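Across the two complexes that follow, chain A remains constant while its partner is chain B and subsequently chain C.
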Partner chain A sequence: MNPTLNVTITEDQRDCYQEISNVAMGQAADLLARLLDVHVILPIPVVNLLEVNELRMALSGIESTDSVSGVCQGFIGNGISGEALLIFNDASFGDISKLLKYGGELDNSLELELLMDVANILIGACLRGIAEQLDVVFSQGHPIVLGQHVNLAELINANNYRWTKTLAVEINYKIEGFDINCDLLLLFTEEAIEALNTKINFLLDD
Partner chain B sequence: MTTPVLICDDSNFARKQMARSLPDGWDVDITFACNGEEALQAIKEGKGEVVFLDLTMPVMDGFETLANIKSQDLNAMVIVVSGDIQPEARQRVKSLGAIDFIKKPINKNKAELILKEFGIL
Partner chain C sequence: MGTQSAEDFKEIHSLMGMLQNLDVGLVILDREYKIQLWNSFMESHSGLMPYQVRDKSLFEMFSEINEDWFRHKAESVFLLNNRAFTTWEQRPYLFKFKNYRPITGKAEFMYQNATIIPLGSADGRVERIGLIIYDVTDVAVNRVELKAANDELKRLSRTDRLTGLYNRGFWEECLGREFKRCKRTGSVSSMMIFDIDHFKKVNDEYGHPTGDEVIKAAAEALNISLRETDVAGRYGGEEYVVILVNTSAEQAMIYAERLRKLIEQTPVSHLNQTVNYTVSLGIAEINDDIASHEEWIEYADKALYRSKEGGRNQANVYS
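After this line comes the complex of A and B, so read on.
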């Protein structure tokens, strides 16, 4: 890695990332809404260029004192790589379990199943939505459990990031009428930002 | 006759994308708004005979904007252009008086089809 790599994004580029994320998160939310037969409340995606160690502080959708569980999944394609994280507030699992009608006692293994199933849908759809708009194709790695019933710091520290700066997109999903709150995070690597900016500039100049 | 068209979206990129997607040769006077409040003001000033309205916006979102257009009986044909493609969002905007719904990302064909369908073009 080049330590002198100095990446920046302009306000126009940030706006464009936000809009692309907005479209992608809508596609993902639509799938979740149909699966659970609910209405997903869509936020305005938050796009930030930050140091990985600032990430926990930058998250607005989840309180640092909340008990959370999360998974991450790497992706790569066309010189763009990163990781997608799905973080659930643990209080959400009761309602998700009811909505998915999985039945059985809500223990750690059932929670993990719910987490993996929702992550699969949201991460897959969101990455697909972004890839389509940027005209790239992402391959996804296997999902990895970052932790269950931990706090946000423990969860984020569980992932040993090899890069320092990241373009972070935070999408906080809530479900109308239910106690369900989750954060979908897309973290693009430092090296990816340059490739992304090139793609974005095509769209901006179009 | 020049049609006053209002494009309301919090994203500058989305506003430009929408403006570029308007049919070629359509005689329009385009006004831009960044949120619902600005949109209502522009409609009251006669700048929004046809309105392309986003849903997810700060200050005043698209749902609230539609409710205001309805309750204040403002003269505007509103086409919602949104990334929120949930069936319920679509139903809600229709019940709030939007004439149609276009999924983002927008393209020229979709805009032209809808404008023709409603006899605007």
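After this line comes the complex of A and C, so read on.
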């Protein structure tokens, strides 16, 4: 790891990331609302520069004792790379299944379908929203199932994270009138932060 | 034709050549799910030429594709202009192709990941979708095998070899969980401990192989009498333990008596010898005085001690 990397963000830059996330998140929520025909409660995205071992704290929307399922998906473009993590509280599956109008018994494989459907929408739309604003294009890798019915520590510790610092954007989605709780986390690598800051500074200069 | 457009044409020609040779499946579908493009990967694996599938419905040509499922995914791509991904973990394959390595490959068919991408027209509406099919057989087979190996390891690490019951370590974990559950929910469960009477004598008189048979027979009797929610383990040499979920001491006593009689009436035959044996049992119901699952075991152990003192081949409840 290159120790001279500039891995800090100023208050202005943080505000800017927050604003960009807000717009992207809104677009994703709009798609979700259109697909499910529901009202999505828009949260305020939380932007943090954190050590990877603090990742659990970043997932403030989910209790550490809850049973969760998660998928992650890598993205890269114009020197900006990272991963999107979607973590679902297992208690949400009942209501999600009703909304997505899947018939049949709620078993492991149906839950996986639901997880993937929501991941496709939220991750795809959020990344596109961010890419458009930054004027970059992201390639997306194939999503990977991190785990089903595990606790947060198992989900996160099972993966050996190699970066020390990451720019984390946490978006906690809730749906009005339903017991649905999911956390979308966009994690940018250390190298990406520098590239992002350069992009952001152009926006801030305007 | 000008030089520029000739160059352009050459480039498009090369590009098409690349696409045709790409070892990934490429399909384009129109709004009615009719096939518009079919690259050589698809052609080779399906055995169908592009002219044979062109303008044909995907679902009519490939009955293995679950129409409802695929439409569910694809419609969101048409509607939302958003990519969708499906993994082999959801469905092993979209198209039922044979394994690329028919001789050395371990799977019969090709595991596939698929990406569905929106292909827009100039006015921003999605009129076609592109389907990209990846062969992920090796990854999938490795993952499935790893999971099977891990599951087996997990099972082995929990199981007592001789009896097939849970071993002491795992059983105690279960008791710890049940203890916490009872404390949290206020429900009442009991635990039971029992051992084989005068087991040392069985070993001395009939030999260790017969002794092992007796240990197995007691475990079997236990297994037969077990209800689905009960958790049984081998605690030590000739000691057994059971968690009786949502069971009062009174109900546990009925269970214990049934098991005691079953064992008393079922002699063990081994190497032309018949061994009659009995067991002594102790029961403890959870209560507010019990502060840990270890203490719970101690209470049941005290009841077992009373059964021993009382002349063996009997059950007692801690009180």
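Criterion: the second predicted complex is superposed on the first by the 202 of 206 C-alpha atoms of A that agree within 3 Å, B and C clash if a C-alpha of one lies under 4 Å from a C-alpha of the other, contacts with A are read in each partner's own complex, and residues count from 1 in each chain.
We take it that a residue touches a chain if its C-beta (ideal position, glycine included) is under 8 Å from a C-beta of that chain, and two chains touch if they have at least 3 such contacts.
Computed from a prediction, not measured in an experiment: that's the story for all the values here.
For the composite obtained by superposing both complexes on chain A, the positions of chain B and chain C are free of clash and fit together. Of the two partner chains placed by superposition, A:S67 touches none, neither chain B nor chain C.
Judged by the touch definition given at the top, the superposed model places A:G124 against chain C, while chain B stays out of reach.
In the superposition on chain A, A:C16 makes contact with chain B only, while chain C stays out of contact range.
Contacts of A:N201 after superposition on the shared chain: neither chain B nor chain C is touched. Looking at the shared chain after the overlay, A:N78 reaches neither chain B nor chain C. Of the two partner chains placed around the shared chain by superposition, neither chain B nor chain C is touched by A:N151. In the superposed pair of complexes, A:M116 makes contact with chain C only, with no contact to chain B. Contacts of A:A33 after superposition: chain B is touched, whereas chain C is not reached.
Between chain B and chain C, the minimal CA-CA distance in the chain A superposition rounds to 13 Å. Comparing which residues of chain A touch chain B with which touch chain C, the overlap comprises 34. Within the complex, the chain C residues that touch chain A are 69, 72-73, 76, 79-80, 82-87, 89-90, 113, 115, 134. By the touch criterion given at the top, residues 12, 15-16, 18-19, 22-27, 29-30, 33-34, 39-40, 42-44, 133, 203-204, 206 of chain A touch chain B in their complex.
Only residues 10-14, 17, 20, 55-58, 82-89, 104-105 of chain B touch chain A when the two sit together in their complex. Those residues of chain A lying in contact with chain C across their complex are 31, 34-35, 73, 102, 109, 112-113, 116-117, 119-121, 124-125, 128, 140, 142-145.
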